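One structure is given below, represented as structure tokens, and several questions about it will come after.
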Amino acid sequence: MTSESQSTDLAAALASMALIRAYEQKVAGLAAAGNFPSVCSSLGQEASAVGVVSMLGAQDRILTNHRSAGHLLARGADPGRMLAEVMGRSDGYCQGRSGSLHISVAELGVVLTSTIVGGELSLATGVALAQTMLNPDAIVACFFGDGAACEGIFHESLNLASVWNLPILYVCENNEWQAYVRRRETMLTPRIASWAQAYAMPALSVDGNDVEAVQHAARDAIAQVRATRRPFLLETCTYRMRGHMEPDDPAYSDAAELAVWRTRDPLERARDRLIERGLLTSEDYAELQAQAGARIEAALAYANASPWPAAGELTDNIYA
Amino acid sequence: MTSESQSTDLAAALASMALIRAYEQKVAGLAAAGNFPSVCSSLGQEASAVGVVSMLGAQDRILTNHRSAGHLLARGADPGRMLAEVMGRSDGYCQGRSGSLHISVAELGVVLTSTIVGGELSLATGVALAQTMLNPDAIVACFFGDGAACEGIFHESLNLASVWNLPILYVCENNEWQAYVRRRETMLTPRIASWAQAYAMPALSVDGNDVEAVQHAARDAIAQVRATRRPFLLETCTYRMRGHMEPDDPAYSDAAELAVWRTRDPLERARDRLIERGLLTSEDYAELQAQAGARIEAALAYANASPWPAAGELTDNIYA
Amino acid sequence: MQTMSLYEAVGAALTEEMRRDPTVITFGEGVATKRPDLVTEFGALRVRNTPLSEAIIAGTAAGAAASGLRPVADLLFAPFLTYAMDALVNSAGKLRYMSGGQFRFPLVTLAMTGGGWCVGAQHNHNVEAWFVHSPGLKVVMPSDAADCKGLLKAAIRDDNPVMFFLDIGLLYERGPVPAGEHLVPLGSARVVQAGEQVSLVSYGKGVRACVSAAELLAEQGVSAEVIDLRSLKPLDERTLLQSVSKTGRLVVVHEASRLCGVGAEIAAIVAEHAYDRLKAPIRRITGPDAPAAASYVLEQAYMPQPAAIALAAQQLMAAPAARTLDKETVL
Amino acid sequence: MQTMSLYEAVGAALTEEMRRDPTVITFGEGVATKRPDLVTEFGALRVRNTPLSEAIIAGTAAGAAASGLRPVADLLFAPFLTYAMDALVNSAGKLRYMSGGQFRFPLVTLAMTGGGWCVGAQHNHNVEAWFVHSPGLKVVMPSDAADCKGLLKAAIRDDNPVMFFLDIGLLYERGPVPAGEHLVPLGSARVVQAGEQVSLVSYGKGVRACVSAAELLAEQGVSAEVIDLRSLKPLDERTLLQSVSKTGRLVVVHEASRLCGVGAEIAAIVAEHAYDRLKAPIRRITGPDAPAAASYVLEQAYMPQPAAIALAAQQLMAAPAARTLDKETVL
């Protein structure tokens, strides 16, 4: 049933995170080796993506941004078609037109991905309005960063969603960075969740590197959005473990802070908890990582084999 | 001394309000009679304008918007040059280029008036930044409406002002209307002052129809801005007593609400208080009104006598 | 036939299309207040007031359009589009292409433009060329009530984002409007008046100035053809080139600023594709490269005037026809 | 002479102008992080990072410019200007005029534009024509490092708002740059290479494509003149018209979309003012009216290629020269 909450199976969540990790590691390696397009990595933020996405129903819509690989893979996107897209090939989800920064997969409900910071906030209200009229079981999850929260469109979007009673789960992935600028250079409050008060919108901050915590918070928030048909702001507190864009540029990063956050790795935390609970062994985990790695290798082979678009298709799909 | 607080002389405030009232009544009459440009009237909002502007120093800057007559007259603008501007004549403060909606008077520190809702919010930060570097005694007062608070630029402006420690007194004139839309159709919180929390900015709502209350609140807020070199949000709670634009269109107005607010007329309240205190008689008040009326008549004569710009000046003053 | 203003024609088109198609909705700052009849008939969910937030109005329209609705968003005055450019240009105009065709954006954006109300350059600024220059959008601007209704109905049915500009100076001008299923396809210009010696090409209230100029020219013995482009994107190049091929002379007229305006595009198309039919230079009569002043006198001086158009045409009649005559002799 | 990239040339111009004039400041998303040398020399108050808020970055720049500072605001990629249009167009471009000359706006807006990084249409969109169309602004786009430094220094000293576009594809190309007081006045085009038979007019990386095309043409015995506009507003009409008057043939080249682009303006100017010197139709070789795709193959196909430019020029050589020959015979 669409409005039932999804299960919070930690082992499944770990497997999903492992796939994202393997994907991001592969991409980082390719980018470092050169001759590969720039990519914004979600490495280290897997718990936020998996924690929220795993709690959504199939009918729900997702809007994401430039840092989308986690959201897409958690939703079940094929890493082969994703890599093909990143590489500008015909079999990419967007036929190579998007590249890495705005991958939409309408068949999975991942719609209107925009790399304009705040673009997802601008479009989510309309997607939600359409759901209320045409698809009233569905809600919309809108992922955005702490940087996007500084854009005026954040204010306009949350206000309209509240005034119009739109069923949107706003998910602010606060990773403490906005490209080359630290979050704390850009705002005086530590938490973006506190900004929801202006819109009379319920909000919550959660440890974004604890996939179970995210799942529980998301499950409750989603239930509330479904029940009230009103928006909710969920802030997942996490950290950008790599540079803004691959290839990684560590010049301006904060080594001490990185070291602290390395101790909060979402995969290791989930792994350790499963081992503690006797539900996983180290060997199981190694196996899981190996499987994820193998899937990504196969995906890369698929992408590499995918043809380039033909120059003659340059002006396809401009108008409907 | 520039940083001293101004006096809160109620009689002077009443005289200033009476001039604004006479101006707005004259304009409303002219617009109703036809063949006069459209004007956004500040009639009924005199206490907000006089209460804040009278507390500013000569070195301070003011940004205002489409509903600016109160701010301009309170600052000492010549009603003749204002009317000439409204009527598109050469002696207008902007040589007739502005018309009624964006009158700037740089010589009085009223700068960069914009009729784009939110324009004043967008420019105030830069004006304030320049003051901090070039004119560190000065602060900036930025008047805007409850409607402007819904624009994304409100969010960006207040956030930047806070992060950059800009000396701005934001004055939100909450008059319960946004052109043809009621404020409560556009937001779920009753007070815009509460929105300042997101920016860690001090804020206060004040009875915007009580000129003494506004003066006291403004005096304190201005002192705080001067002392801390940080922004402050002051909300003056008032009511738009006429249609969005002259000529008045009462079709969509709320008669009951208007009736309530008529009992809160800022001029009558100031008058009654002065009479109570034995500082004014009814005759004095009648005299004050007559003087204001006469000044506006003279102003209109001046404006009527002002020549039209020459068509040959069409492209003057585009580039510096 | 019924007579109505362009403002009423917008209401008529909205009413008919909202009756026909339950996915058509409309919203904007004051839309529900100003069109109470629509609220009564279609309810407060399909006809909405919004907060003062142009960016999210446009974004909501784009998001809704991609999700099965057909929004008509009223953004009031063209200069306010400056707040809404991301949603219109980067989302509605591009995300179909960028997603490999996964989405379509059947949305209409209404905006008033041009002089006539003495409100100055922050209300009166003709920016239609921005959107002609941007990929994935369509751009329409009617010159009378009938076209207004017919074009708006077609725009609402179009599966692409349409920028629909209403010339302020025409908004309350009344004209006959066919009842019911009156559709004017996007991309079809109208020959307002046939002529032989010079083509006067315009749109919006420039069309009227051209018609007046054609009258002046007729008095002077010059036969002018007047073309109303109606749709600036797609542009009816065929009608344009046919006319210029016939007359050999072109005056393009619009109130928008000259540089990189629609007139520049028209001139460039003709200089490329009808070069050998030209008998004289191409002339543009446009608004100056200046903000619009509020003062009545300056606002009038800003707008293309019939006398200036007629004068330009006359100058073309006197231009180095020698060149073309030679060619005609030879070919 | 020193060799540097355009990116470094921007830094050099900023350094020199900030030394010269204490009112010059610079800010944007990451400016302080990416230009630590400037922070070291000029301090954290004159070189600032900002929140991710393009609208207030531009508004702050406009407000500061009108209040005695000379801000250089970095808005990163041209499509992000969609968030900043009100401050740039409605405030910086208009408020001087609308106030009867009370303010001036000495501000520079930097934005990267064009293909080369495979990042797709929301980073790669050439919108310079929007600003040419808008009153009160100036628009500049250098094609090499020397011009980049010289134009930026001139832009910073200019008392008007200047949109300064950096072609992404050129950003890390190195070239010789004169040290110190190297100023390139806004509004002066450069004849990159003189020629007799056809004028190739472009800006940004289109200039390079034109130079390559000229080489191809030279091999085919055709003498092409290459003009780099450098400044799109003000536009150096004189250099343009002189060239076309000499050659009689014009190919305009740019990566921006064709419709209402700078090429349309160039074509219109020539069709009006050099009509009688034209020996052939005017051709535009431009980006298609499409968003830019990320895929390398499509991004390459999007950009004007030397072969296409040369072919267009060749076609003009073969065009109905008859007409002009006749005229020349007669005149």
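Note that the chains are named A, B, C and D in the order they appear, and that numbering of residues resets to 1 at the start of each chain.
The rule we apply is simple: a contact is a pair of C-beta atoms (placed from the backbone, for glycine too) under 8 Å apart; a residue touches a chain by one contact, two chains touch by 3 or more.
Computed from a prediction, not measured in an experiment: that's the story for all the values here.
*Asks:* Tell me which chains count as touching both subunit A and subunit B.
*Replies:* C, D
*Asks:* On a C-alpha centroid basis, what's the spacing between subunit A and subunit D, in Å?
*Replies:* Between these chains, centre-to-centre, one finds 37 Å.
*Asks:* If you average the Cα atoms of subunit C and of subunit D to get two centres, how far apart are those centres in Å?
*Replies:* That gives a centre separation of 28 Å.
*Asks:* Centroid of subunit A to centroid of subunit C, CA atoms only: how many Å?
*Replies:* Centre separation, subunit A to subunit C: 41 Å.
*Asks:* Can you list every residue of subunit B that touches 2 or more other chains, as numbers and ranges?
*Replies:* Subunit B, residues with two or more chain partners: 96-98, 102, 114, 116, 118-119, 150-153, 156, 159, 163, 185-187, 318.
*Asks:* Quick check on subunit D: which residues sit in contact with 2+ other chains?
*Replies:* Where subunit D meets two or more other chains at a single residue, that happens at 50-51, 53, 55-56, 79, 82-83, 86, 90, 97-98, 120, 122, 135-136, 289-291, 293-294.
*Asks:* Considering only which chains touch which, label the overall pattern as line, ring, star, complete or other.
*Replies:* The chain contacts form a complete graph, every chain touching every other.
*Asks:* Going by the contact rule at the top, pick out the subunit C residues touching subunit A in the complex.
*Replies:* 23, 25, 45, 48, 50-51, 53, 55-56, 58-69, 71, 86-87, 90-91, 95-106, 135-136, 159-160
*Asks:* Which part of subunit C faces subunit B closely enough to touch in the complex?
*Replies:* The touching residues are 29-30, 33-34, 49-56, 79-80, 82-83, 117-120, 122-123, 288-291, 293-298, 300-302.
*Asks:* What does subunit C use to touch subunit D in their complex?
*Replies:* 79, 81-83, 85-86, 89-90, 93-94, 97-98, 120-122, 125, 127, 129-130, 132-136, 233, 235, 256-257, 259-265, 267-268, 270-273, 275-276, 278, 280-284, 289-291, 293-294, 319-320, 322-324, 326-327, 329-331
*Asks:* Can you tell me which positions in subunit B touch subunit D when the two form their complex?
*Replies:* 61, 92-98, 102, 104, 106, 111-114, 116, 118-119, 121-131, 133-135, 152-153, 156-157, 159-160, 163-164, 316-320
*Asks:* Subunit D touches which residues of subunit A in the complex?
*Replies:* Listed in rising order, the residues of subunit A that touch subunit D are 37-38, 88-89, 96-102, 114-119, 147-148, 150-152, 178-181, 185-187, 252, 308-311, 313-315, 318.
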